[in-house]
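Some notes on the structure that comes next.
Letters A, B, C and D mark the chains as written, and numbering starts fresh at 1 in each.
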């Protein structure tokens, strides 16, 4: 079972590398799709069944497709711009590695400050279906952020429509 | 190999993946000239954040709060993608390019 | 009790909202909304003038309640004899400027919205008695002014607007520092201006800066003074003024010269004087010198100007010098004269700016002498006799001709300042300003209105009824106050008397 | 009485308002409004004057509070800390002045109706002269220096408006601005004097000041290191110097001839310039309180009288001659006040007002008739304009100091006073010397004018042919004013004291004595001084008769009989003539050197300084400073950061430009790189902290 998780993680990281480095944006966005799938799998293994589903639906089904559409709408497929001319990469690379290392170290140190769960508890957590719990939480203690998000989404939608309107 | 499998299913494994994704996202955002490429990087960063939340939710708190935050991130990401793409489309119509360096009318 | 001050302050704001909601294609509706939104506060202002109790130095029409409790910030409005003339001036000039702006065609909605917003800011500054509230209104005012100059201005409007903005912001930063400092050094912590003025709270306290123990009250005084000096403007902080005046549209110039400049001196009288009397006395000599410099420097510069509006702008610098001179004299006549001069300069300069605007609307230039050395105008008195007559009144009021308002205030300032034995030499030097004032204004009058007619302008239209309507109230004020100034003087007398007890 | 007297000033003021607002629409352009108003004033002033004549003394005051500014006493009670009371003061001097001013002004108004007929802006002319009269009358009525000063300035305004009445003529507007500015120099100092008096005595009321001076208050106060009373005395004197065109501010008055002739008459005779001397009369106790001021006043007057008289010799413009004679005569008055001959000084003010008004109106009549002001184009007008000639001749006799005429009385007394003064205070011989010289020169140039204008043959036939006598509205004023130029009106049939014992006219001397007592300056001479004075007056009588006779004689020889060729003399004294013709180059000094070269250049420099230094360097300079810092950082970046950390950061500072631009390349990604760098640094620190 854990081998599958490892596989998912490898898939995620590898395709993320391609996303970051592939000169062609079209390819990069296709591989982003794989990254999203890998992350969805990781969610599943972390006991987040609902989230995994949402990840697939929203990212894989929504965002990635949207991006692909945008690429096709804006650029002729073989446009020279499509094979993305990169900015200077060394300093950003160094910075990115530093960020990654520091982030990991910081999080790692945080791990020690919280008590670990017992294996039984982990097992129980993984096996509980989350959809109902999330639903109750969203309409209970998280109602206000939830409403805020809905308004944000509405606003974003209106804004996007207005921005993309024909002249 | 076992060691790796062990690591991958631990909290640290999740954190490592999150950190790598985050770093790659940052890198992507910093280096891509293409506006859509930058958007890709942002998606990576957001996913990295989501992974961390979910991981802490399972391995440390045992509550679903982390998952709810991850859900919110996802929703915001969707909204952001929609708006960003609309902006890009508009920008493309304006300048016939989506080179982010061209988007410098904010300069002084 | 009816919160008259708040109502007066926020009606223009309501007007602004109404304007924003108004349809874009109906500029006349916007204009009429503005007229109403300024006329109603003006009517209330007249009521205020009638019912104001002139015998007491206390705050009147007070509205006070807690606003931000943890920091002891209050919503505290009230007026005394210092504020009333300024409030009335603000209301009157705003109303007149709305009418004077009738000719604005581009972006009518935005223009009037900004204008009304500006009025709210100005009213708030003159009514606020809480430092925090005061600062808030002070900053509010900045924003519409920036846009009014930057959008509806002349050729170099952006430069002028940014210059104005940065200058004022610099002053605001100092004021903010002092505000925070006063809050922390007062006991109990408060922003209430009346409480701050009690018990000489800041005397003797020191603060360590750059390794020196510096007296807090003097630091506060300097900070506030620079903040206000920029608004006045006191030399050498005056260079934004010619730019802003020249580039701003007519009505904005009027407001700028008529009201905004007074905020500086009003602020000094409202804050520096009562809160930091010891430091004020300490700095009085310095203020006196700056006043004299202002008078002479402004006058000399005005004489060299080739642009009508710039000339009037520099004359403002000169005239505000009299205010400083009177304020720093600490005599009854001097300070009363200074406040009266604030009012009178408001009316007479407003007239001059409106008049310059009238001619600019007709010929689209304001050159006394064009940059190529040829005459800009000349002899137009025969073409526009009524305009010339009104201009003469404004001009003579400005140069301090007896019988017109400028004289009374200047005379009081000089009588007062001369009665303080410390400053007699300064007054003698400053009196040169009277002479120079006449020189540059009459020279301008001669070059523009008299002499052989410049054929370029032989078809000039005379002033129309709408323009006369904006000028007539000011004309009447200038003449009436020139003959009998008590209607304004008795408003402020008792307040100033109380203020001066701090310095005797 | 004082309250009614207020009407005297109010009538013309109301007329001004009516004329200014509606004059154009009234029938006849409203000239009758102004004329009626001034006659109304005359009607009110006459009873006051009559009362003076019959009772020998009038005194009344009327006061209202004008401005009160409260102060707070130590007890916390409000009091009036500043209380400016204004009002009317009627005393003997006022009564005489009021009568004289209203009379002259009325006649000048009447004359103007004929003279200005058909002019453009006819209604405004009457509005202005009404305001002018109102100003002068208000000044005379004032019982305090503040309203006095206000009216004083009001007249300055009117002179500006009236001199520049022909506003299309550049010379006229130049003259108007010159008049206003020159007098304002004096006015400013005068105002400082008022402020000084207010500081010293806390009041500006004449009677209160007289009382305080008599009581010896404030004799030891100093202002800016100077004894207060001396300083104030000089400042007040400067007011007179400006307004009455005394040396060194005399330059404006001749140019003021650019105005219409009735205006010249009004300015020169009854109103504006008289106001200056009137100020000296009013403030005499103050001048006397300091021992330094009066001699200076005397010298100023004497020098002015002489210099102006000299210039008048070479003038060919009939009005210019009269203008310089005015300055010269004003110099006499000032000199009279300066030597302590207070009453004669005032008397000369009155007599001069009458005969000078007459002279100006006569010259106006001549100009109106021949349409030129140049005397060289006149001549032989005696037969054509008999009334004008007769009246002008009488006035000329008066100004020249011929016994039997009013000018003789006052001038002789002033000269006597000057002589007595120099005999009492040894060393001041220049004052009477200049005085007598001027008397001779005056007689000379006045007769020169008469001869050139009315006698001889017509030098311009065409103009002579068209000359005609004026209508009655213009000649009646001339006759009345000429009638007042006889000595009998003021002193006696001849004006010589020893002769007039037979038929003395005492009203003027009595009135002045009363006034002097009120002001606390009544003379109490010791017997020796009395003797000196007596002796001096006797000597002065002889001398003044002699010099006047000499002047008339030389004038007659030269211009009537042509026994001496004036042109030849002119050539002989070439440089002197040039100097006089150019008025001692005062105009060039003031206008050319002080104003054009000095003031205007200074202004230009200062404006440049303001623009280039204060604004560009001090203010906009901050931008440059930040730019320098920016470029320094940019270099640092290029050399250090770029080489050490290789390429990446070069883009951060790639943008150049203004202050803001340094931070705003507009490229989001560069912002991000910076942000991330900062984050890393922060994380680095955070990690260290955690370890």
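FYI, a contact is a pair of C-beta atoms (placed from the backbone, for glycine too) under 8 Å apart; a residue touches a chain by one contact, two chains touch by 3 or more.
None of these values were measured; they are calculated from a predicted model.
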item	value
Closest chain to the centre of mass proxy, which here is the mean CA position	C
Chain located farthest away, centre of subunit C as origin (C-alpha)	A
Distance between chain centroids, defined by C-alpha means - subunit B, subunit D (Å)	87
CA centroid of subunit A to CA centroid of subunit C, Å	59
Interchain centroid distance [CA atoms averaged], subunit A/subunit B, Å	6
Where subunit B and subunit C are represented by their mean Cα positions, the distance between them in whole Å	54
Touching two or more other chains - residue numbers and ranges from subunit D	669, 673, 676
Where subunit C touches two or more other chains at once, by residue number	none
Shared-contact residues (touching 2 or more other chains) in subunit B	26, 30-31
Chain-chain contacts as defined at top	A-B, A-D, B-D, C-D
List of subunit C residues in touch with subunit D within their complex	55, 163, 167, 236, 238-240, 297, 300-301, 303-305, 332-333, 336, 379, 381-382, 389, 396, 401-403, 407-408, 411-412, 414-415, 418-419, 421, 424-425, 427-428, 431-432, 434-435, 438-439, 442-443, 446, 449-453, 484-486, 489-490, 493-494, 496-498, 500-501
Contacting residues of subunit D [partner subunit A, same complex]	645-651, 669, 673, 676-677, 679-680, 683-684, 686-687, 690
Touching residues (chain side subunit A, partner subunit D) in the complex	87-88, 90-92, 94-96, 98-99, 102-103, 105-106, 109
Subunit D to subunit C touching residues, read off their complex	20, 66-72, 78, 81-82, 146, 149-154, 157, 160, 164, 167-168, 170, 173-174, 177, 180-181, 184-185, 188-189, 191-192, 194-196, 198-199, 223-224, 599-600, 602-604, 606-608, 610, 614-615, 618-619
Residues on subunit B engaged by subunit D in the complex (per definition of touch)	26, 29-31, 38, 100-101, 103-108
